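You will see two complexes here that share subunit A, one where it goes with subunit B and one where it goes with subunit C.
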Partner chain A sequence: MSHGGGGHAAELYPENQILIVGVVLSIVGMYIAQFIPQLAMLVGGLLTVAATVAGANTTRRVAAYGLGTGVPSIGMLSLGMGTVAALSGVLLANGMVTQYGFSNVVLYLIPIFVAVIAIVLGFIVGKLTVKPIGMKIPIMVESMTKLALMGALSIMGFCVAFAGGFLPNVVIPGAVNNGIIGLAFIAAGMAILHPFNACLGPNESHKRTLLLAVACGLLTWFIFSVASLDVVSIIVSAVLWAIVYRLFVKQSLNDACDVLYIPELPKKEM
Partner chain B sequence: MDAVSLILPLAEITVAGAIINASVHFIPVGGAPAAMATSTGVGTGTTQLAAGAGFTGLMAAAVMAAQKGINLMNPAHLAIILLSGAVGSMIMLGLTMLIGQLIYVFGVGVVPAADKCDKDPFTGDYQKSYITPGTTGHAIPTVCFISGLIGAALGGIGGGLAYIAFKQLGFDSGIAGIVAIGFFFMNAVLASYNIGGTIEGFHDPKFKKIPNGIIASFVASLVAGAIITGMSLGI
Partner chain C sequence: MDPTLLALGALAFAGASATVAGCAEDLESDVGSQSNPNSQVQLGPQMGNIHRYFNKAISGEPVAYGLYVAVAGLIAWALMNTGLNVLLAIVIGAGVAAIVHGAYAVSAYLGRIVGQSKNFGQPVYMDVIMTHIGPIVGHGFIAVFCMLLAAYLAGTALGNPFPLPLIALIFGITVGSIGSSTGDVHYGAEREYQKYPFGGGIPVANQGDIDIKAETGIRNGMDSSYFCSRLGGPLTGLCFGLIVFLDGWRGIIGSILGGDLITKSAIAIVVGIIIVAIAAYINRVIEVYARNKYGPYTNR
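Let's turn to the complex of A and B:
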């Protein structure tokens, strides 16, 4: 499979498989963070990494067509839609309970609400990029939908892991009013847009991009662990990051045509 | 909450999205070629430039909105807040372009020249003869600089208007700020897809595509605005 932009290497795992794993794991992570707040950062943070990896994988697929504006633009778009979807999921559920007398059970569906709103918003914005704007990428609408979903779940996942729950009275003071959501915006954004932005090119391989995606996700988790001063999470995330990043560097050296540890260019013709 | 206090912010959000989208079309974005001084404009992507200017405008507007005695429903106060956003944004982008220009002229050693017009409409200088063959202009000529300032002012007004609308809906400053940032990025990226990479300013033929971008942002902002207005019921 080869396209105009950077070219597409064969896929190690199908995109939808990674996507489903990302969605399921990050939503499970939010529920674990809600019901066992002691493990919020350790388990919730770890499982949210799956969402950023799935987002990075979708970014890889759509950006390989050549966006014309750089890979970061689509990552930022995904996080922009994700922020709106994440906050509105929380507050809409809150409004249904406080204003319209729904039972409290609705509050426990917040992660589902966030996902549904993100899918709707992503689908509409994806349609708009095709119809009046005229992007010529065949998978634009589905990719936008997936990216909005992954952006929303990453932001929500890290905020919930930090605050220790997704109920409005926990997550709004615990992660939104104190500005942690800004960190979630840019750190999760980096984890989504950076892997393909760094690895793209004619020799791009899915394995290398995925390894970097996992490393970036773990690094984001590490940043949140430091922010929440959770010692166990700091150690676990740092160790996991070091292992994955080492694998990534090894893979890069393997894939390279040649690695020279000398500071000057070789004299003879290669 | 009565209907008017919901519909007014919704209209403001929709207009703000359209203004943000229009603002991006004015900003001289050169992308990767400009980073090597082989294209006119500032050497970075649309999103980053627009976001940098827009956020400064947003913060300038937010600071003004937080002053004592400011009433968000008073049109005169509204105008002051928007003006503060526009000025903050213009200072930010003006400095970016000025420092970039210094680097292009004294560091790289190129002559500022616009590719898309024969004669600079403001200074009347001929441009074509200063362009190195094989490149599409250099640095930030006067017409691009002025276009950029107009774009920054519009961006600041758009970001400020969105922030005010969120505050009028009753959000805390924290939520209003982060939603405004997400909203700003959404519209700025839609505009950058409409431009398709690089643009020199209002004299660029690509500028004629601006209605498509505005329509797209109008619809996207309307949808986002409806969701955000629904959110405000849950505070």
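Let's turn to the complex of A and C:
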């Protein structure tokens, strides 16, 4: 597709740098949510934004290979793998303790479990997209692995922030049985797929895409804050979102060739 | 009161609100040229057609509506758990979803237009954003509110076993899909290519060569929505309302006639098959009638 171009513009920050920041911050956020449940939404939710930003940045890199209409699909695929990894990470640790008599310490490794399962799953799906499906994107396996990881951490991060902990007896009744994970799937998915889907084009710039990624992540955090009825988080997330969104709008108007306020088409040069 | 009567009433109410939701959803997506027509709007400037359409590239309609209705559903569910009035909770949920919708819509327009602004000379029209965002968010609010109402009825009166946020997600994806599949036919490519003979499809050579002039003045998304409000929107609503109504109705017929669970389910399945057969037959009759009346497409 011709309109799938862009995304090869100079990178503001290297992809792996953003990825590492996203992984570390979101996992730290989950541990904070687990050990200080009063701060679960405020700190855990904020740090999970890093995971969605990193996911959006990876989407930008892989979708720049001319996916066009495939940008939303790859975002949904990322979150699909993420949901499987998040649920199986929680249930695997739970099963190890209840069925096979491992010590309870295993339960405190759930975020690591989720990350490792996501990496393995993403790698397998990436291999499948190359071998039987035959997509000719050189960074496909690498990107699928990263997307699965970021999808899993975003889903898990928001679920843990909402439920107030990642132990199976907290997160399963608090975020899975009541359907919160469904919203985490679609809202975090949108935050991952929308920034590049919106900004793609020959004049795409990494700065604008990243600003929008941060804004979308903060908006997702705002949604979860409203749902958890946590007033401090609602105010902080709304203010932060407004600041970043304003920066994005300003940057966009700055980068446009012209900003018009009247219904007039520019004259064509003959 | 008789539970069967209550279920029938709830079903009629859910069908009615689904009808309104489908109509509002389709008209909303036409204002913003979302999903199907969007790629042609996107190609316009590359073919030298500087346009004033609203380029609302928020994924496809199913995913976008899944998000809005799920957001509204989750917030309404959280508020209902605190003991707030159901209707008020649904309104507040739909309100937050409208804010989310507006934020995504403006960022999609700015992102897509600026993403090809310098290369192809497409300016950002601030007045397009200002005039279009109201109808987009407003229609979106109506659609989300009605869908959430239907989802709430499905959970409380019609025996859907899932929690409200999940039902809302599924209902949102459904209304988006119907709006995209039924509604886009009425806007879609033909409206953007009115200068070419009707029914000819879009050859690759013409792609991106969209109409930028309206009946009067320069065309924008509002003209498309006005055009579609005659047939496209109401038909989408009718289609979605019928789906919700007939699907629920076969289940209720089953529970009225059947005794145990197996007979109930069997009757529901048989009624479903009969409905599908009748619908397929009517479709075939209309298709044959249209072929006989208008004949094959000729290029003259």
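What we mean here is this: the second predicted complex is superposed on the first by the 256 of 270 C-alpha atoms of A that agree within 3 Å, B and C clash if a C-alpha of one lies under 4 Å from a C-alpha of the other, contacts with A are read in each partner's own complex, and residues count from 1 in each chain.
By our rule, a contact is a pair of C-beta atoms (placed from the backbone, for glycine too) under 8 Å apart; a residue touches a chain by one contact, two chains touch by 3 or more.
Values in this document were obtained by computation on a predicted structure and should not be read as measured data.
Novice: Tell me the contact category for A:121 with respect to subunit B and subunit C: first, second, both or neither.
Specialist: After superposition on chain A, A:121 lies in contact with subunit B alone.
Novice: Contact-wise, after the overlay, does A:179 reach subunit B, subunit C, both or neither (first, second, both, neither)?
Specialist: both
Novice: Now for A:194: first (subunit B), second (subunit C), both, or neither, which partner does it touch?
Specialist: second
Novice: Between subunit B (first) and subunit C (second), which, if any, makes contact with A:249: first, second, both or neither?
Specialist: In the superposition, A:249 contacts subunit C only.
Novice: Taking the superposition as given, does A:223 touch the first partner, subunit B, the second, subunit C, both, or neither?
Specialist: Once the two structures are laid over each other on A, A:223 reaches subunit C alone.
Novice: Specify the partner with more touching residues on subunit A, choosing between subunit B and subunit C.
Specialist: Of subunit B and subunit C, C contacts more residues of subunit A.
Novice: Now for A:28: first (subunit B), second (subunit C), both, or neither, which partner does it touch?
Specialist: Touch status of A:28: no partner.
Novice: Between subunit B (first) and subunit C (second), which does A:77 come into contact with in this model arrangement: first, second, both, or neither?
Specialist: After superposition on chain A, A:77 lies in contact with subunit B alone.
Novice: On the A-aligned overlay, A:204 touches which partner chain: subunit B = first, subunit C = second, or both, or neither?
Specialist: Only subunit C is touched by A:204; subunit B is not.
Novice: Look at A:258 in the shared chain and tell me whether it touches subunit B only, subunit C only, both, or neither; answer first, second, both or neither.
Specialist: After superposing on A, A:258 lies in contact with subunit C but is clear of subunit B.
Novice: With the touch criterion stated at the top, can you tell me which subunit A residues are shared between the subunit B interface and the subunit C interface?
Specialist: Residues common to the subunit A contacts of subunit C and of subunit B are 68-69, 72, 76, 177-179, 182, 185, listed in rising order.
Novice: Note which residues of subunit A are touching subunit C in the complex, please.
Specialist: Within the complex, subunit A contacts subunit C at residues 1-3, 6, 68-69, 71-72, 75-76, 177-180, 182-183, 185-187, 189-190, 193-195, 197-204, 208-209, 212, 215-216, 219, 223, 226-229, 241, 245, 248-249, 252-253, 255-263, 265-266, 268.
Novice: Of all residues in subunit A, which touch subunit B in the complex?
Specialist: That would be residues 67-70, 72-74, 76-77, 79-85, 87-88, 90-96, 98-99, 117, 121, 124-125, 128-129, 131-135, 168, 172, 176-179, 181-182, 185 of subunit A.
Novice: Please give the residue numbers of subunit C that touch subunit A in the complex, ascending.
Specialist: These residues of subunit C touch subunit A: 39, 42-43, 46, 48, 50, 52, 57-60, 63-64, 66-67, 70-71, 73-75, 77-79, 82, 96, 100, 103-104, 106-108, 110-127, 162-167, 169, 212, 217-218, 220.
Novice: Which residues, counting only subunit B, touch subunit A once they are in their complex?
Specialist: For subunit B paired with subunit A, touching residues are 31-32, 45-48, 51, 172, 174-175, 178-179, 181-186, 188-190, 192-197, 212-213, 215-216, 219-220, 223-224, 227-228, 230-235.
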